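Before I ask anything, let me first share the structure, which is written out below as structure tokens.
Order of writing sets the chain letters: A, B, C and D. Residues in each chain are counted from 1.
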Amino acid sequence: MGQIHRYTPARDDLAYTFGGRLPVAHLAPGDVLSTWTEDCFGGAVRTVDDLPSKVCEFPYLNPVTGPFFIEDAEPGDTLAVHFLAITPARNVGVSSTFPHFGALTSTHTTATLQPPLEERVWLYQLDPDAGTVRYRARTSDYVVDLPLDPMHGTVGVAPAGFEARTTITCDAHGGNMDTPELRAGATLYLGVNVHGALLALGDGHARQGHGEVSGVAVETAMHTTLAVELIKGAATPWPRIETDTAIMSIGCARPLEDAYRISQHDLVGWVGELTGLDTLDAYQLVSQAGEAPVGNVCDPNYTMLAKIDKTYLGGRTPYQNVHARLRQTPIPPPSQTGTGPS
Amino acid sequence: MGQIHRYTPARDDLAYTFGGRLPVAHLAPGDVLSTWTEDCFGGAVRTVDDLPSKVCEFPYLNPVTGPFFIEDAEPGDTLAVHFLAITPARNVGVSSTFPHFGALTSTHTTATLQPPLEERVWLYQLDPDAGTVRYRARTSDYVVDLPLDPMHGTVGVAPAGFEARTTITCDAHGGNMDTPELRAGATLYLGVNVHGALLALGDGHARQGHGEVSGVAVETAMHTTLAVELIKGAATPWPRIETDTAIMSIGCARPLEDAYRISQHDLVGWVGELTGLDTLDAYQLVSQAGEAPVGNVCDPNYTMLAKIDKTYLGGRTPYQNVHARLRQTPIPPPSQTGTGPS
Amino acid sequence: MGQIHRYTPARDDLAYTFGGRLPVAHLAPGDVLSTWTEDCFGGAVRTVDDLPSKVCEFPYLNPVTGPFFIEDAEPGDTLAVHFLAITPARNVGVSSTFPHFGALTSTHTTATLQPPLEERVWLYQLDPDAGTVRYRARTSDYVVDLPLDPMHGTVGVAPAGFEARTTITCDAHGGNMDTPELRAGATLYLGVNVHGALLALGDGHARQGHGEVSGVAVETAMHTTLAVELIKGAATPWPRIETDTAIMSIGCARPLEDAYRISQHDLVGWVGELTGLDTLDAYQLVSQAGEAPVGNVCDPNYTMLAKIDKTYLGGRTPYQNVHARLRQTPIPPPSQTGTGPS
Amino acid sequence: MGQIHRYTPARDDLAYTFGGRLPVAHLAPGDVLSTWTEDCFGGAVRTVDDLPSKVCEFPYLNPVTGPFFIEDAEPGDTLAVHFLAITPARNVGVSSTFPHFGALTSTHTTATLQPPLEERVWLYQLDPDAGTVRYRARTSDYVVDLPLDPMHGTVGVAPAGFEARTTITCDAHGGNMDTPELRAGATLYLGVNVHGALLALGDGHARQGHGEVSGVAVETAMHTTLAVELIKGAATPWPRIETDTAIMSIGCARPLEDAYRISQHDLVGWVGELTGLDTLDAYQLVSQAGEAPVGNVCDPNYTMLAKIDKTYLGGRTPYQNVHARLRQTPIPPPSQTGTGPS
């Protein structure tokens, strides 16, 4: 069993790209990290009068904690990041519309001559004991409780090709994938592109709908505990997720059908490897047994997942059974670092 | 309680368009129809050697049963089609690759210079008692049982604007939507575009994966029983589905993000009507509580659904509670018409 | 030399679909047709106060003249339509914005929650002698003359597969392609899908920009003279154009890159046939020598053309040199039918 | 008149990103730079047997020369880059297919299960005196001369938001736009995102077709002379080009219609500023008078241009008439640096 690291960033330690930053700490394979992430607004939206376009400043959006240098990680390896616990670090989550951002508005790329939608902020009471997120309408007294389902929207490593990419987008290196599948209990696999991998994470969501249609989930700071492992010599072209019951491939692209194609293509290949099926037989099995959860349909690249239940795979498990081993990692006692930087 | 109609088409009665055909029978609101549909290959694929491109001939693909004239239906009304039972009419389902068709191949519109994938047929044993669909690999002895989950891929009415549209595609009139949500117990709402609506259905699937990635599900003929109702003066711009637990809006378009936009846009408006929320408040609720099941990502128009659990809608139900009423319709005893035309 | 037909439709003779209509007249290969087409608004927009959404009624938009039955035309043949003359039938052209239509607005498929752009009408003085179309701003005194360049936005035949398609869209059967290349002097090739082909045309533009970005060109009624010819046994999968200097393939699809792919794919094959180059050599030649004029980026299907100068084809001409022969057709004296139906 | 700089990179000086690199030289506004760029293959493809996927290694593709620090350039300014001369530095250009790259093949994002197209190399003789590029088929004796039309496919500055982007793609910072409009005589305007702007350029094409359909143009090293100027306090959101006869806005995005939207949207705003037309009047003018040249339809982001003839703008010129002034810059005598690094 590895070492336990506790790391809480100061405000100036937050990063806004994957790649192009020096590491804030080193983790060894097998180590556990207990850390804190700020929300996508940098914590600046605290009341319904804090309009994001006023209180936030580009490019200081969607900060991530890290990057963490993973010892022994080299290009061609796969980094496994297992989420042991993701817990809201505040009792309020925030959401909003944002000018020319989201799926049901014109944007800077789907450019139209129409003015933006009204910018509006919503606050959600988070109740971890009840397991709820309370929606409260702004223009009526409508209130409804939704299930609390904490997750990280943004997790990734440094990209290949000397690139540094904004944390707003996602691609083969991970990043802003915004999938509810990235909750505690899941293992994320990321291909390593640079010496040390340079893992970073942020963008906690108390919950989100499929596609994050307005562009913004129930955003909050998070206390997160994860364990890392390294699969040497195993390349992973696109991010993948494993849970106790399913494996998933993630595609990031525009248009959305390309995100679908990437994810299904990767899953077909993966299922073929695990089952020994030839390509067309694996294609057929995925065609009938596969699912396609939507990640985001609002960021610069959209995200789709291709998912298949492990029961259809005849007992085969990927990556040398690392998910099952990481699943056994004891969760360390809570950090005493409080709610992050003041 | 309405009349019970039994209708089994002869081969020459099958239709290949929505619109442009005279009705085969009349149904009154409240009536029950017990009918039979042929599979998407016209029943021509019976062994693994029956390659669809050899045994099928364009445009005789994806036949539908109907159209049925709905009495009193006029443009501006909504037709409710409640599926009481969908039962495979054969004990074998068929699937295949098809040249330049499907999501992981170039197609006639995503045109490339590459040759098509190998054409291959799979047969599935259907076991209604066990509730399974048996996948059997073609190039290995891999076998796995998947849940039987019968549905109709293609249900629609005549389109607006004097159009007749191939049953291969989908649009505002319904058609080849290929969503697993269209199973027994669901009510489909379709806007009426022409006098008599002209409902038709086909393309039974013993089950399908999300997006129907290979382009073909587990195809089979179906015995199907449905009840129809009419909501006068209620327009429905895009197809919608209601189940006991959820409401759903359907978008059909390319690129896939437009199918997503249409469906989410319609659901936002619908949720606003049901809850009294203003547009942005409804947008926000759907953003956090909504789901986005994928229909097809292989047909000329792609299909996505926007779905929300009824528990978040404060007890409001749409369309004058017609789903709950139709849900009470007794299922008539099985038709004696056997397995359809010989 | 064939017969000369003169045909002017009454208002009720106008059609709103390709397919699904009986022919208004018969033409034999070699015949010349002198006819009249109404503008896309059905002539209802006459002043800047005639807002299209008020004075026009769906589906009575984009009327076409025809269809014309082409004798001897059978599926698998190619119809050649050579435009001898296209002359504005009015001295005023009209344009407008239209709610949720055009490339720089959200639409019914690229659906957003934003209100539509202001609806506004522009009138253009057409001066055939000067060869100009006069733009006049609505909110300032800005005036500028643009070149008169008359063309037909919409020309097509009945589609395959028993379909009838609205004249608003385009596809393999032609239709609303909106390319400035369809001017006098050009020959349009259309694959025949049904007995008699059923040619129809309309949507005259005094001129248009590339992509018809606002969704509406300088619309006007047209006096048009064309000659038809038939190439028996030659299939044409997508519309093609030939001029004295170039050949062009047309693709209609969404997203726009698929329209590009279709058109370039067809041109690569066509160049290969004409030059004897193998597929990759033809691909390479088109890659360096080809052009890609944009048709429309506003209709239900977008249009792109792939074009190559004939000088790069080593003197080969397509379709048995029919363009050169049709080019010799004498233009009959002007019709005495005036400006169309009153 | 500014200083004349001559800079020829050594092989190790070449860059593979915009952003993330230290400058190789400083230029002051008004200065002239005479430099050399390597071809997109790093010069490694010299015979038809040098298959790019064998002789090139990711990420050492599409090298650029630079970056050049522009004195006084700060975020919010606009950098004007006027191309005085672009001359092939070799007498042979190379092109190829490349596995899973190009518009008429599946790619890593438009992922299919099909194998890649055959990889094949073509060599073109460049004859500057005759002004020709000689195409020679690989599988026949077909030869044809195309016009020499030298241009740079890739020109850009460091992106905003701390990003470093591969030279393979394009975005608001410029990059791999692949438009034939970027030839000698043109002025490129780029918004400055970082202190010093950090201009770099490469990817010379002896010529290319519209959309660069195969993914590769007639690639060659270039001797290039350019002059730089700075427009302080003028923001430029997307790259723009000015020539003696036209102004153009450039959009980079997927799907292709978004590249179209961005470019047309920017041009509408730009025309409005220059002419005083309100937004809808400018939209209308661009709709009827605008052109839409295609850049690339093969790179990670596609490129489209929106173009309008200056004669329709009533004599107004943008950016304080800097294009006309730069146009007067004398071209310095040729560099003595030969054909670049040995």
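As a working rule, contacts are C-beta pairs under 8 Å (C-beta built on N, C-alpha and C of every residue); 3 or more make two chains touch, one makes a residue touch a chain.
What you see is a predicted model, and the numbers here were worked out from it, not measured in a lab.
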> Farthest from subunit C in C-alpha centre terms, which chain would that be?
Replying inline: A
>> If I rank B-C and C-D by number of C-beta contact pairs, which comes first?
In response: C-D
> If you average the CA atoms of subunit A and of subunit C, how far apart do the two points sit, in angstrom?
Replying inline: 48
>> So the centre of each chain is just the mean of its C-alpha atoms; given that, what is the distance between subunit B and subunit C in Å?
In response: 35
> So, what's the distance in Å between the C-alpha centres of subunit D and subunit C?
Replying inline: 34
>> If a residue has to touch 2 or more other chains to count, which residues of subunit C qualify?
In response: 104, 110-113, 117, 254-255, 261, 265, 268, 280, 283
>> So in the complex, the part of subunit B that touches subunit D is made up of which residues?
In response: 104-106, 110-117, 255
> Considering the complex alone, what residue numbers of subunit A touch subunit D?
Replying inline: 16-17, 19-20, 58-59, 108-113, 160-166, 168, 251, 253-255, 258, 261-262, 265-266, 268, 279-280, 283
> For subunit D, which residues count as touching subunit C in their complex?
Replying inline: 95, 97, 103-104, 117-118, 120, 122, 124, 133, 135, 137-140, 142, 144, 146, 207-214, 216-218, 254-257, 260-261, 264-265, 268, 275-278, 280-281, 283-292, 294, 297, 302, 304, 306, 312, 314
